[in-house]
Amino acid sequence: MMPDLGKYAFAVLASYGATFALLAALVGVTVWHRAKSIRALAESEARMEKSDG
Amino acid sequence: MSALLFRDLRLAFRAGGGFGLGLAFFLLVAVLVPLGVGPEPTTLAKIAPGILWVGALLACLLSLDRIFALDFEDGSLDLLATSPLPMEGAVAVKALAHWLVTGLPLTLLAPVLGLLLNLPAESYLWLILSLLAGTPALSMIGAFGAALTVGIKRGGLLLSLLVLPLYVPTLIFGAEVIKRGASGADAVTPLALLVAITAVSGALLPFAAAAAIRVNLR
Amino acid sequence: MELLVKDLAVQRGGLTVLEGVSFSLAAGQALVLRGANGIGKTTLLRTIAGLQPKAAGELNVPPETLAYASHADGLKATLSVQENLRFWASVYGTDLVEDALQAMNLTALRNRWAGSLSAGQKRRLGLARLMVSGRAIWLLDEPTVSLDAASVALFAGVVQGHLAQGGAALMATHIDLGLAQAETLDLTPYRATAATIRRTDAFQEAFL
Amino acid sequence: MSLWEYANPKKFMALSGRLLPWIVALTVLSLGIGIIWGFFFTPDDYKQGSTVKIIYIHVPAASAAINAWAVMLVASLIWIVRRHHVSALVAKAAAPVGLTFTLIALITGALWGQPMWGTWWAWDPRLTSFLIFALFYMGYIALWEAVENPDTAADLTGVLCIVGSVFALLSRYAVNFWNQGLHQGASLSLDAKENVSDVFWLPLVVCIIGFELLFLALVLIRTRSEIRLRRAQALAARERLA
Amino acid sequence: MSALLFRDLRLAFRAGGGFGLGLAFFLLVAVLVPLGVGPEPTTLAKIAPGILWVGALLACLLSLDRIFALDFEDGSLDLLATSPLPMEGAVAVKALAHWLVTGLPLTLLAPVLGLLLNLPAESYLWLILSLLAGTPALSMIGAFGAALTVGIKRGGLLLSLLVLPLYVPTLIFGAEVIKRGASGADAVTPLALLVAITAVSGALLPFAAAAAIRVNLR
Amino acid sequence: MELLVKDLAVQRGGLTVLEGVSFSLAAGQALVLRGANGIGKTTLLRTIAGLQPKAAGELNVPPETLAYASHADGLKATLSVQENLRFWASVYGTDLVEDALQAMNLTALRNRWAGSLSAGQKRRLGLARLMVSGRAIWLLDEPTVSLDAASVALFAGVVQGHLAQGGAALMATHIDLGLAQAETLDLTPYRATAATIRRTDAFQEAFL
């Protein structure tokens, strides 16, 4: 299955590895930020409900 | 307008005004680099044009935050903004004052530092010409960066980060003028480009900077 | 020459703080803005001075008539008292430095560096700057902070003189200046409420 | 009804909410196909060996990074001219994504350079201008972070983006002037032309599409988060007044 | 004492606190120098240790004025001086916070910049070691300089002028460690000297700095 | 616990500004310093706080009892109200943050960044810092600058409470705080004259 990368295995694997790591970090931060925003909004909307009575 | 220029110059020459410190910094860079790099004359001669330009650029950079931040902190900028002076003019005048206080003296000092760095004899003329043509752009671009960061406390380093990428073309053409001049190649093209950068930034950036200041005063 | 404010709403930090403020200020009039800390006096004055955009309403300022004095005095510590004033005089193109020094009792200090003055002396110099502008409408933000009783009286006299000469003054202050002809505007009723944000603040509206 | 209607946060939220699942699905699909195709099912280049596989991330990342800046520039212009809040938030959301892509292009390029040119880094014009580009991104993001008031920040970063774009172009030109480099030209001339046409070209195109879709998806998600946070802020502000 | 450390760190990481900007400046120096000097790898490799040390030093330098000036301007320094904290301890803690926010991250970033400047592979270990041993001295000496200039508005450049000469030994030994390490010569002696500078300045300068601050508050 | 000042002379910018000042301040007492702008109130307070050396006379401060509040409030704009106070509480090793927030009416603002407060709100926070110190003798330099009437009353109440608990307060101010038990010391008679400079100022003397 795994292609034979020959003597360039490090360069290729490191490239793909670094790319996936960076993208994973970016996606992770984005998802976390999204969750945070949803939580913050839900909280203030809940408080609104209460004060609106 | 001229009142503002004279005020800024007078403030620069008063105690704590910072005149001469840009020069000192330039000198220090020229001294530190040989200390770090080592004393071989050929290496130094090779890197001299680049180091001189980088030094001039950093010396300029470090005094940028004085252009507007002092006036912002003591409230003068609010008062200037509500005064009859157009903000664009005030920005241009302040950039000019900055150049007179840093860029011009740097240009005059540079040949001396060239000696320290073993700059070849053919290069001196080009060194002076390139600094003369390029440092006004440094002041104007820097004034723009200073206008962006004026509301930020001690934004000195943010200012550097914003301004240095904008300095890249000036730096490249500036150092190129000297290198080409020394080797007898065509130095006029980069010099002309340097002049063009100065002219265009002097004509357009005051508007961008004035807009940024107005936003920051809001 | 009349400053006209109608249904004005002002914002600070993206929030409407005051709304529905209306008043007019004609030659010879003085108006004192009052209200608790944080109600928005500074914000209102800055908006009228043109330093920030208004959120809603009408604001009619006769051109070239305003002079604004903020919390901060805009003094340069390393210029002398005289040099500070001369600079502003030439910015406004007037010739009133001597009068201002006299009026604010600063002649003895004229050659001192502004940085070596005490808090109250600095404030007096800040007010002298205002006189030097030669403008008719003065906007004053807490002008008497740090002033002793004698200096407050001096300042009240200066304002009185300015009004007598056809000037006008709008000021925010917490203390009583003893200005006979000054009217007072309490800003408390104009505090923006949740309901009014919708009307005045395009951004908030879009997001609410 | 004009296009600007969608600059209204509510409309934007509704529309983007409906589109987003599809965009995410398409992203996963195209990126998955492209990368798997490129990594597992393409032959080695006779000169570059297996390193040619790096092209499937290097080139898409580089072009997506450039496009991201273009998006920021357009969004900044819209904000400054028409003051639509969503466009300012789009510019804000695009910057970190663009920076990440720039870093990916830099890192994969460096890793590629080691076997090809015998050095991790060379001051080649393309490489240099991309490094400077990364600095532009960092300055832009830092300015957003440093300014407290969101509208002020949007105005300042907008001005910076416009001025910065001009200088970025100028730098690109200056850098060319300064050094003639090692980097590949503008065409996909790996070796024999016929190779390029299908074996390498097709998966590359799929990857490019995948990266652009990824950019779109991430920017939409981030913009939506920013809008939610602003709404929460607005509610809190209203509460403070009440 | 730890309250002060945590406050300073928290301030540094808050908006406008300047964390990361020292790093950015370091990166910028590493980018600008080749732009000025030219792209030849052999020249760059030769000057890399020196330039990296000069860059780290300048990045450190530029954030020095934050150590005390912010606290001076908003009156906190008056209040700290009248508080039960001994001024010597406060100075040492503030220098430590400065190092954690600039020197340490600089050390970690330096190898990446080494790549950009073609630093030879054998040098990386020595680069890290020398920065680790030397940057705390930069923070402590810098804090002393900042204490001397705390009363001066925007005294950034004066500060540079005062501090840079004091940085010279650190710079020379630091660059020497890398150069010797790369060429296989004895790098331990300059490293030991670097450690000695750090230890001595950490032990003595807080007292000098505290005295300077007390004079400046007068 | 008594603060004792006898024949004190203080200097500013190398010049003696006040001399022969004597007073004492015991537990439960408050003393208000008065005098025109520039007479030397700030200088006197800084000398007592130990920020500058005295020129002559005696100054007896019980150790670990002083808390000083200057013209500037020492607030960090990017820390919240609460974080600002917590820092000073741990510097002084006390646990009074909640009490201080309550007393200065800041509980609603506890999570706001100090930088986004209005002038008066900042000043209130600055005074809360003083309470947090847990020290007995308060030195206050124009504590009510920028405060509205309600906040001045609040502040007077806080001082009264502090005195009732055996504290003491020495303050410079131009306005009337309405503190019943406060005595007043007018500094005008102690202004240094040319003749007295000779006696107090060793440096100047050497040159005269």
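Points to keep in mind about this one:
Letters A, B, C, D, E and F mark the chains in the order given here, with residues in each chain numbered from 1 onward.
The working rule: a contact is a pair of C-beta atoms (placed from the backbone, for glycine too) under 8 Å apart; a residue touches a chain by one contact, two chains touch by 3 or more.
Quick caveat, the model's predicted, so the values are computed rather than measured.
Connectivity note: excluding chain D, the chains that remain group by touching as A | B, C, E, F.
Greatest Cα centroid separation from chain E: this falls to C.
Summarising the inter-chain contacts, the pair of chains with the most C-beta pairs in contact is B-E. Centres computed as Cα averages put chain C at a distance of 45 Å from chain E. Inter-chain spacing, taken between the CA centroids of chain D and chain F, is 56 Å.
Chain centres here are Cα averages; for chain A and chain C they lie 51 Å apart. Inter-chain centre distance (chain A to chain B, centres taken as mean C-alpha positions): 41 Å.
Within chain D, contacts with two or more other chains are made by residues 132, 135, 138, 142, 146, 148-149, 175, 178, 231, 235, 238-239, 242.
Counting only residues that touch two or more partner chains, chain C has 13, 71, 77. Multi-chain contact residues, meaning those touching two or more other chains, occur in chain B at positions 16, 152-153, 155, 158, 161, 164, 168, 172, 218. Those residues of chain C whose C-beta lies close enough to touch chain B in the complex are 46, 49-53, 64, 66-79, 83, 87-88, 90-93, 129, 133.
Against chain F, the residues of chain E that register as touching in their complex are 3-4, 7, 10-11, 14-17, 71, 73-76, 78-85, 217-218. Of all residues in chain D, only 8-10, 85, 149-151, 227, 230-231, 233-235, 237-242 touch chain C in the complex they form. Interface residues of chain D, counted against chain A in their complex, comprise 35, 39-40, 44, 49-51, 53-54, 57-58, 61, 96-97, 100, 103-104, 107-108, 111-112, 114-115, 214, 218, 221-222, 224-226, 228-229, 231-232, 235-236, 238-239, 242.
The touching residues of chain B, when paired with chain E in their complex, are 16, 18, 21-22, 24-25, 28-29, 32-33, 35-38, 43, 46-47, 49-51, 53-54, 57-58, 62-63, 65-66, 69-70, 152-158, 160-161, 164, 167-168, 171-172, 175, 179.
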